[in-house]
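Both complexes below contain chain A, partnered by chain B and then by chain C.
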Partner chain A sequence: MSSLSFLGPRHMARTLGRRKFWEVVLLVGFLLVFYGPLLYTLVLAFAGQYTYPDILPKTWSLQWWKYVLKQPALIKSMVYSFEFAICSVLLSLAVCLPAAYVLARYKFTGRRLIMFTFLIGNAFPKIGMYTSMGIIYYKVGLMGTFLGVLLVHMLGSMMQMIWLPAGAFRSVPVQQEEAARDAGAGPLRTFFYVTLPMAWPGIAVACMFAFIGSLGESVGTLMVGLPTYRTMMVEMYGVILDYPATAGAVFSILLIMPNLLLILVMRKYIGADTISKGYKMG
Partner chain B sequence: MGQAKETWKKTLLIVAMLAPALLITIGIVIYPIINTVINSFVDAETGAPTLRYYTYLFTDELARDHIVYTLWIAVLTVAISMILAYLLALYLRFSDTKISKTIGTLYLLPRFIPNLVTIYAVMTIVRDSGLINRIFMAFGVNFKPGLLFNSKGVIMMNVIFNIPFATMIIVAALSGISESIVESARDVGASRFRVFFQMILPLSFKDVMIAMVFIFMSNISSFTTPYLIGRNHPLLLGVYLRKTFANREYNLAAAISVVIFLFSAVSAFVYLYTNLKEKDWESRAPQ
Partner chain C sequence: MDETIKLEIRNMTKLYKNGDGVKNINLKVRKGELMTLLGPSGCGKTTILRTIGGFLQCNAGEILIDGKNIVAMPPEKRPTAMVFQSYNLWPHMTVYDNLAFGLKLRKIPKPEIAERIADALKLVKMEGMEKKYPNQMSGGQQQRVAIARSLLLKPEVLLLDEPFSALDAKIRMQMREELRKIQTDLDITVVFVTHDQEEAMALSDVTVVMNKGSVEQIGSPYEIYHHPASRYVADFIGEMNFIEAKLGVHTAIRPENITVRKGPGGDLDGTVRNIMMLGHYTEMIVDTELGLIKAFLSGGEAEEFVRGEAVSLYFSETKEFSE
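And then the complex of A and B:
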């Protein structure tokens, strides 16, 4: 017992100081709760022989990766997920950037009402919005169609695609645009050569949030996309309920990877500030 | 004359640039909401105006169980998340160590992990043959956490999801309280508790309320967590709504949606109000 006493809380408290000791306890607790489960997912995904009640697998292997990648339904779901993510980001960009620019640059009657209209879809719980859309989908035959699911994904992305780029456009000095106009550039040329390059980081962050949001959309797709459009997130419900735990772990990693890659690519532009903005918008 | 033409051109430009986004929003947000409210007051069979769906929701024993249970889970989630988040925020704000900075950068990242993945990962740990059980088994104890398919598990999951958001709001509120005020109060002999209850808490009260309102809203309508790890009866409103919708009882589903909208009215108001504040919008707009 004495040989291990350096691990005891009393001893640690003495060497580290009481305050420091509790800080370490907090850090460990925090990491266990918020990162521990993900770490264990990683262990499960690469498990080979893993029987109850072993804490860690006896052997490691890629067998569950092969298993998952051999499921046609899961492969198909990846294609759907990326199709919807790419389409919803592009369509939101095309539709929302002009609106964002107008809201950022012009004052006109009814501006607040229009901003209100754009905001309201995010002000109420999503599941109620999906139900409301679904009721209409049944009437007009959009249930289980590509367009129907795409519109559900747009509901999640449009607000961000207006608000974040509008903020970016506002931070471009008007004088800069005016100077370009004075030098003889047309409005489109000014936009593409002066405004857009300066507002680009804000727009890119909005696209990132929209893309991640679309990949992560589960409830709405589950409600209006079945039986055809089973995206990765929709499949994940089934994977959690029906597949072996180790296969679920592999699929989880496949679900996280695009997000991690995007964050890695975009890390220059993402501060705590943008994350918090994304939080409030979502 | 030329001026009038310019104004016309500008108006046309504004309308043309707003129209696509506005039309889609009206189609997927405004019209569906109005349609839902109307449907909830219309009898599915006869088409006549009725209150029967609302009467059913609030008088039928099963339906009322769902509503009461949902409110109860949401209130508990708000209370536990807020207490833990406030403690974490106090620590992050008022201590300046390597560890606090580490937690300060790490606590926002879980947002980028899809909810389903987090739920799944936690499930593999807490289920009865999960990691926690296995670790206990190594010491010869067959301890089963018993956190799945009951309310405890749902609340635990909700708290894990809500702590980062709540902490973020409170940290922002606390950053407005200067350390010198706190220190001078302590110098005059105020106890830690007094400083907290008479200075820090009142100064952050508004933001705490906002965070509570938002957490309440997101939990009133939660679906994925209770669907995967909740119990079969009573159901949370989100799961009940999906079930009703899948059964094609659209008018009842509409009424449940309206009830959820009403429960979220306060948070919706706060959300709209804070985002519509012209202050942020005017600073750099021309004219």
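And then the complex of A and C:
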């Protein structure tokens, strides 16, 4: 016991100094609040026998993974989630990249106003927007359709998909585009061989945010997509109510995993620099 | 030198929305000639160069290359190549890919591309740099590659917009000499923009001195230096003393055209205000009734004078400009 006394608060306080000690306590507390639930979810997802007062389960097992992966509704929801995420990112790229380029390169009256409008659009509570969208959707028959849900997802990431790429385009020196024209490339070739590759980090980060945003979209999908388009986020509501907590844990890990993977893959692009460049009102 | 006109600009006007720009420009560049556009910042040098390259649409006038009007063509269709002051190279491509870009567009077979690139890099003394990325090279090296890239396009007219102004003085001199050598060896026609008169003097066959959007004088560096057409040119090029002996008439004398003797009796008399040793020559400032006059003396001559001494000035070459 005495050999472990260095773990005691008094000993720690002495070796670290009072100030340092409180810093460590604060840090540990912070980590617990932050990662505690995540850690608990992880433990829960792989638990076999697990009874209340124990901190760790008695046995580990993959039974809940097998269970979740055997639910056709849940599998279907994953397919939907990825379909919407991929399609909305691609469609956003097609719509927003040209807009971003124009906003970045051409000085026209009302440019700042347009940029600002996107910002305002993001400031309203989403639910209000979905309600009014719902009313329009009913009229034009988009309710419960794939396209309807897709539009909701695109709308959610519109601002990022314009602001971040616009910032990225702005940071490509005009001379480098002109040099390509000079070498004999037309405007399109110049865009695809010079501008796009150079602006790619900013665009990739925007796509990542849009992808994660689409995977996490629930309210709009719930309102527009039901009953057919039940994505993972929509199913999550049901899972919490209808399945045991362990199944819920498995499901939420499945939800987190793509985001985590994306962030890991893209970590070299994600920097304060890329992002701050995007949010400048040039 | 060949007498055929390679590039001709006729009555060209380019005005920006705010009214700045260039007006009524007329220029002729012969084949194999190097023309510099020289003038202070904002006088419209870049504007002219960019209208030739196709990056600016002119409001009026014609630009002819080999007698063909090119004003309606986009940059990629024009037989010109441009080197900018900076940001020439594409940072996501290696030197090789930068150089190959234009050649690939011209559908040149791969082995030939490699061969031409090797030759071009040798020309600008950058052999073996194919695999480097622009950010792994110095500013001077990047400009060399940029020049090589432009030369590979085999342009009828090569345009350079202050390509060396971001480099330090020594490299700048060296690049200048090499550019001149390449240009005469390959017999290419060049329009070179600079605000550095020394650079213009050292490089050009023909210099165009510009002032606030219009051409002030066109001539060889010798003509421009020795026979300035206006007071503005006389003042802008080299060092010049101006004295107003008669009302409204200014006499211009270059400091090297002044002989200083002891005692009175010269074209103008005064006292020595200051003597400054500047390497291979000495600068003397003389206080006269018509203002301060600057004279250049060889080191030996200057030894004989002391500050405050009465001296006389003799002018060997003068020019008069009336207001």
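Everything below uses one rule, namely that the second predicted complex is superposed on the first by the 255 of 282 C-alpha atoms of A that agree within 3 Å, B and C clash if a C-alpha of one lies under 4 Å from a C-alpha of the other, contacts with A are read in each partner's own complex, and residues count from 1 in each chain.
Just so it is clear, a residue touches a chain if its C-beta (ideal position, glycine included) is under 8 Å from a C-beta of that chain, and two chains touch if they have at least 3 such contacts.
Every value quoted in this text rests on a predicted model; they were computed, and no experiment measured them.
Once both complexes are superposed on chain A, the partners chain B and chain C fit side by side without clashing. By the touch criterion stated above, A:107 is placed in contact with chain B alone, chain C being left untouched.
In the overlay built on the shared chain, the residue A:193 is in contact with chain C alone; chain B does not reach it. In the superposition on chain A, A:37 contacts chain B only, with no contact to chain C. With both structures placed on the common chain, the touch criterion links A:237 to chain B but leaves chain C unconnected. In the superposition on chain A, the chain among chain B and chain C reaching more residues of chain A is B.
When the two complexes are overlaid on their common chain A, residue A:171 makes contact with chain B while staying clear of chain C.
After overlaying the two complexes on the shared chain, residue contacts for A:179 are found with chain C alone; chain B is out of touch. Chain B and chain C never share a C-alpha pair closer than 6 Å once the two structures are laid over each other. Residues common to the contacts of chain A with chain B and with chain C across the two structures: 173. Chain A meets chain B in the complex at residues 23-24, 26-27, 30-31, 33-38, 40-41, 44, 52-55, 94-96, 98-99, 101-108, 112, 114-129, 131-136, 138, 151, 154-155, 158, 162-163, 170-171, 173-174, 212, 215-216, 218-219, 222-223, 233, 236-237, 239-241, 245, 248-249, 252, 255-256, 259-260, 263, 272, 275-276, 278-279. The part of chain A that touches chain C in the complex is made up of residues 173, 175-176, 178-186, 189, 193-194, 197-198. Across the interface of their complex, chain A is touched by residues 53-55, 74-76, 80-82, 84, 86-92, 101-102, 105-106, 146, 149-150, 153 of chain C.
Chain contact summary for the complex, chain B toward chain A: residues 10-11, 13-14, 16-18, 20-22, 24-33, 35-36, 39, 91, 95, 97, 99-100, 102-103, 105-108, 110-125, 129, 131, 133-135, 137-138, 160, 164-165, 168, 172, 217-218, 220-221, 223-224, 227-228, 238, 241-242, 245-246, 248, 250, 253-254, 256-258, 260-261, 264, 267-268, 271-272, 275-276, 278, 281, 283-287.
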